[in-house]
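Listed after this line are the structures, all set down as structure tokens.
Below, chain A partners chain B and then partners chain C, in two separate complexes.
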Partner chain A sequence: MTCSHHAVPFRMVGKNIWFGLSLRDKKKWDKCNKCKSNVPVIILRHKDVYCKECFLSGAAHKFKAFIGKNHLVKKNDFVLVCFRSGHSSVSLLHMLRSALDLQTPKKLKLRPIVIYIAKATCEPQFLKEIEDVVCSFNFPLYFISFNQYISNGQELDKVLFANFRQMLENYPQINSFKRTNNPTATQTLERIYEQQLLTEVAKHLNCSIVFVPDISLNVATNLLTSISLGRGAYLPLDTGICDTRDPQITIVRPLRHFDDKELAFYNVYNKLKLVVSPNEIKKFNNTSVQDLIDTFVSNLQLNYPATITTVVRTGDKLALDKTVLKSKACNLCKAPLLNNTSEELNSATATDFSRWISAQLQIFKKDESFNEFEIKQRELYCYACSKIIEFVEK
Partner chain B sequence: MPKCSAKCGNKAILKRPKTGDALCKECFFDAFETEIHYTITKCTLFKPNMTVAIAASGGKDSTVLAYVLKLLNKKYNYGLKLVLLSIDEGITGYRDDSLNTVKQNRDDYEMPLKILSYKDLYGWTMDEIVEKVGRKNNCTFCGVFRRQALDRGAALLKVDCIATGHNADDIAETVLMNVLRGDLARLKRCTAIITGNGSGDGIPRVKPLKYTFEKEIVMYAYFRKLLYFSTECVFAPNAYRGHARMLLKDLEKIDPTIIMNIIYSGESIRVSENTSLPSLTNCTNCGYVSSQQLCKACVLLEGLNRGLPRLGIGKSSRVKQILTEEKYNNLNSNSCVEAKNCLCKNLKDNSVNLK
Partner chain C sequence: MNSLQVNVEFGGGAELLFDNKKTVTISLPEKKEKWTIEHLLIWIKDNLLKERQEMFLQGNSVRPGILVLVNDTDWELMNTINYIIQPNDRILFISTLHGG
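For the complex of A and B:
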């Protein structure tokens, strides 16, 4: 399946860029779209061609414009940057470093701190690679083990390490994150806890912002996943430009309008080393909603790449319902609870009714009224979380 | 099989995909019907003395809808006048079987049936259109005319409301499809249980089976021994609907309640206020909702009636522009799949004599 480093069509680098194109197309595309003079080296979105210089300056501009336009950071903010295996994180660090080092008024003013969340087994060699690449950009780096956080998250000091060797010394042999017999619930909980980890580490390190390296493919996958889990109201948080569900910490997805190919080329032309976990290649057996949608979206990326862009742009245009802004937060995912008004029937209540009538048919038959059916208010957990709460360890 | 969940003492014969409950046949009938009754009353889909046209295709959804509406109308005194409304596209050799099924529904459920042809609605049969525009271009007509036929038919019959057989699976599929094609306007509307009565004089459409699973509709029809016409719809889905359908089927295998999750998502999605959606008005000619002054059907009809069915018809450059856009949209929206699999092409393959 498409883990980020596989999808790159390296054969398209250089002169083979025209592979598969007709003579007419070649003619149409013999000059860079932007400068109209240089010979193009990359074709994006199946239609726009750019020379190396225009492509790189375009990518840098897109990144800076995203940060600027959305007024995401205040001057000299500490920003926690989440490092993941694959092209995107290396690109993100390079874009940050380049923007910070500018000598023009457009210079970006923020202070990144990088964090790597180690999951499952960890190869020291891979952790060393992370250390090398982050050091080469001259950013501070922390390591944290997901399992240690789960078992001992109250004391962040004891599980947050500036050096991966220390983390490995303290690495627990047992896996403290218990997997449930429901793969969808397991993956949903893992994601919720990971987000919680990032938020807490950010607070601990005085950061107000977290950058996660989600690219368009990830955003589209998360968007369809959230819809399938019944989290439609929370798409702006789960997949939007920024997640503001925590009052102090904003999680931002600055690469959401980049695709894998763009970043692969960005890294190649900037001579950046790819850092990929040896455990990266996942086996997809499609037993969870997440894996199934991962496969579905990867196929879209391959055959209908424009659809991914469409889905991401759709996500950009969604908002939280204003009436929930002041509501209590879900105890699990921390998104604001929707109020279930008794006037309007919705899918949640219709399901509750199906469950009620299947058990209480005799009661209903007595007077054929719905008075005994009480419309459930979800006051502790949101609709989606109430479906997985049974899998959470007390 | 375990005992029936409804505590009637009988043995269960089926497991409900929506809730996992095991029910006996009689309790399943009661639960199935009561849920639809709950939806109808909770959402006030009907008012007493309304004339309701049930969109009848002869398929399982509309057959079950007609049966249950008749039953509930009597049992709970809705006071509705129910009629069956079928559309005959007027393509030789097609529809005969499904129309026979609808006629059987009419006799079984003792409901008046009105079959309206494209000739009644538009003044042209599909065969005549094919003859005029050729097989290459007529798919535009198929699609546009099909979308409006029910509304035009309902207006012709002067009914107060149209009830369609869209079930929970259809709605979940439409939510996914509108996300994939980025159609925010439709995404916003597609989970509404009543549509079309918002602004203009359009006839309201209601979906009483909105929360009913397709699997349960099939079970209900089977255990009630209802007669329906069970071939796949010949109108092939467009590429987006195809993808959405495939994804939904796979998700359903993991957990059938995902269908309800997706509907819940669709119901609670909010579009940001600073996003402009195409505003809809009513066609100045026929009143059908449209994003243009003249709806597509009227534009196409104008061309046909002037004897210039293709591009470049008429003097109106706006009509021309709309037609060009239509053609452009067709090129861009992957509807090549739709066009390739459209009814008229299928018929050609099956060597049905069109002319």
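For the complex of A and C:
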């Protein structure tokens, strides 16, 4: 096989390299990596080839093993499944349905309830498609409007609907979610409120677990975003296998080891119908830290196919000190406040110190020792949230 | 030699760039060289894709985030843009850039 220069695909990285592989390696692609007999139909991570049967059984196994290995669910637990537009949610529902319908001892025993959070203005046609898809898997479905939750979240009974037509009847025209003039802060707030919504709805519906359809790219992006925004201490909660900041509800990301290609092919081979919102197309405007990191990770992934898995697997290894979970929670993100009682200095203390020392000029001077200042800073909010709150209060 | 018939399909949100059409049967006019996917992409750009070309194409290939399947097989196993199109091939373009 020859590649003339003008026909080189964009992922080509050098002479005699074909998708990061030497031409010699291409011969190894004649047979499926697993069964070593069938003709492969998909190449993953730019190197492993699988036939359709091995690919599909591998995906199903990866999902079940993740749930089983991490001892996430107890028998017959109610699980709240968050539905989003795109490939991941449909794959998740199909994997759940297949695992529940198994006739072997490996059968999954849990009771899913699906929820769709309507964010932007929603077309009835789009909501109808969601209803059709979720019903085809035979799972109960609820709708909730993000705006209604923000304005009237205390009374979940009034904002949680089993039928989208009822939701549209009282759909607020005004957007009650206060957007800050800072896109990074706005996106962080949206994420925090969405998580609170899921936690509260889960409690309301007697679920102990929430499944969110975050895939490896989302986890990698969130991990690097969290570090950039000063949430490094909460990485195990924000991006780990499960989020246990709420004592009753655990948030789990069961698709964290799947990438978008795997799920897209999974859906094609299972002939699954997708629900795609025309409004939720990925933007590459790079106005927020989140978007910037998303673009950075995606671009790096193109030439270095191990980027995302490396970041995600590193995240898997991080753990939070169990004793910390019992301390007072941040008023915004509900993560435990890390009171720096030890003599050890951390980066938050260092930042606080330089802020305090800068305020020691005669004109600003308040009689306040550094210790008092630091305690006041961390009374209500964690380090990252205290930065977000500044934008909200402005 | 007659024109070459192919079934082009769009999914995962890519259909939104093509008037919401999920399946199009097209006849590629005969020409001296063999039709490859690279040529097909140019044909699609000139004949089907009216706006937001950057959401579908990049350079002489599709943009990252658009997956291509030829008769249900990953095009990365079929030499990508250099694959020589056969009569009645089913070529599916799936977007992973929409939602989720």
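To be clear about the criterion, the second predicted complex is superposed on the first by the 341 of 394 C-alpha atoms of A that agree within 3 Å, B and C clash if a C-alpha of one lies under 4 Å from a C-alpha of the other, contacts with A are read in each partner's own complex, and residues count from 1 in each chain.
By our rule, a residue touches a chain if its C-beta (ideal position, glycine included) is under 8 Å from a C-beta of that chain, and two chains touch if they have at least 3 such contacts.
From a predicted model like this one, the values you see are computed outputs, not experimental measurements.
Asks: On chain A, which partner's contacts cover more residues, chain B's or chain C's?
Replies: For chain A, the partner with the higher number of touched residues is B.
Asks: Determine, under the contact definition given at the top, whether A:260 touches first (chain B), second (chain C), both, or neither.
Replies: So A:260 only meets chain C here.
Asks: Which of the two partners, first being chain B and second being chain C, lies in contact with A:276: first, second, both, or neither?
Replies: A:276: touches chain C, not chain B.
Asks: Quick check for you: in the superposed arrangement, does A:381 touch first (chain B), second (chain C), both or neither?
Replies: neither
Asks: Should A:193 be classified as contacting the first partner (chain B), the second (chain C), both, or neither?
Replies: neither
Asks: Considering only touches as defined above, state whether A:88 meets chain B (first), chain C (second), both or neither.
Replies: second
Asks: After the superposition on A, what does A:268 contact: first (chain B), second (chain C), both or neither?
Replies: A:268: touches chain C, not chain B.
Asks: Touch test for A:43: chain B only (first), chain C only (second), both, or neither?
Replies: It touches chain C, and chain B stays clear.
Asks: Could you tell me if A:229 is touching chain B, chain C, both of them or neither one (first, second, both, neither)?
Replies: In the superposition, A:229 touches chain B alone.
Asks: In the complex, go through chain A and note every residue touching chain B.
Replies: The contact residues of chain A facing chain B are 184, 223-224, 226-233, 235-236, 286-289, 292-293, 296, 300, 304, 307, 310-311, 313-314, 317-321, 338, 345-348, 350-351, 353-355, 357-362, 364-365, 368, 370, 383-384, 387.
Asks: How about chain A: which of its residues touch chain C in the complex?
Replies: 1, 3, 6-7, 9-10, 19, 29, 40-43, 46, 49, 52, 84-89, 213, 215, 260-261, 264-265, 267-269, 274-278, 280-282, 298, 302
Asks: Using the touch definition from the top, list the residues of chain B that touch chain A in their complex.
Replies: Interface residues on the chain B side: 5-8, 16, 18-19, 21, 23, 27, 30-31, 34-35, 38-39, 41-43, 76, 175-176, 179-182, 184, 187, 193, 210-211, 239, 243, 247, 250-251, 254-255, 257-258, 260-273, 275.
Asks: What part of chain C is in contact with chain A in the complex they form?
Replies: 11-13, 16, 36, 38, 55, 58-61, 64-65, 67, 69, 72-74, 76-77, 79-82, 92, 94, 96-100
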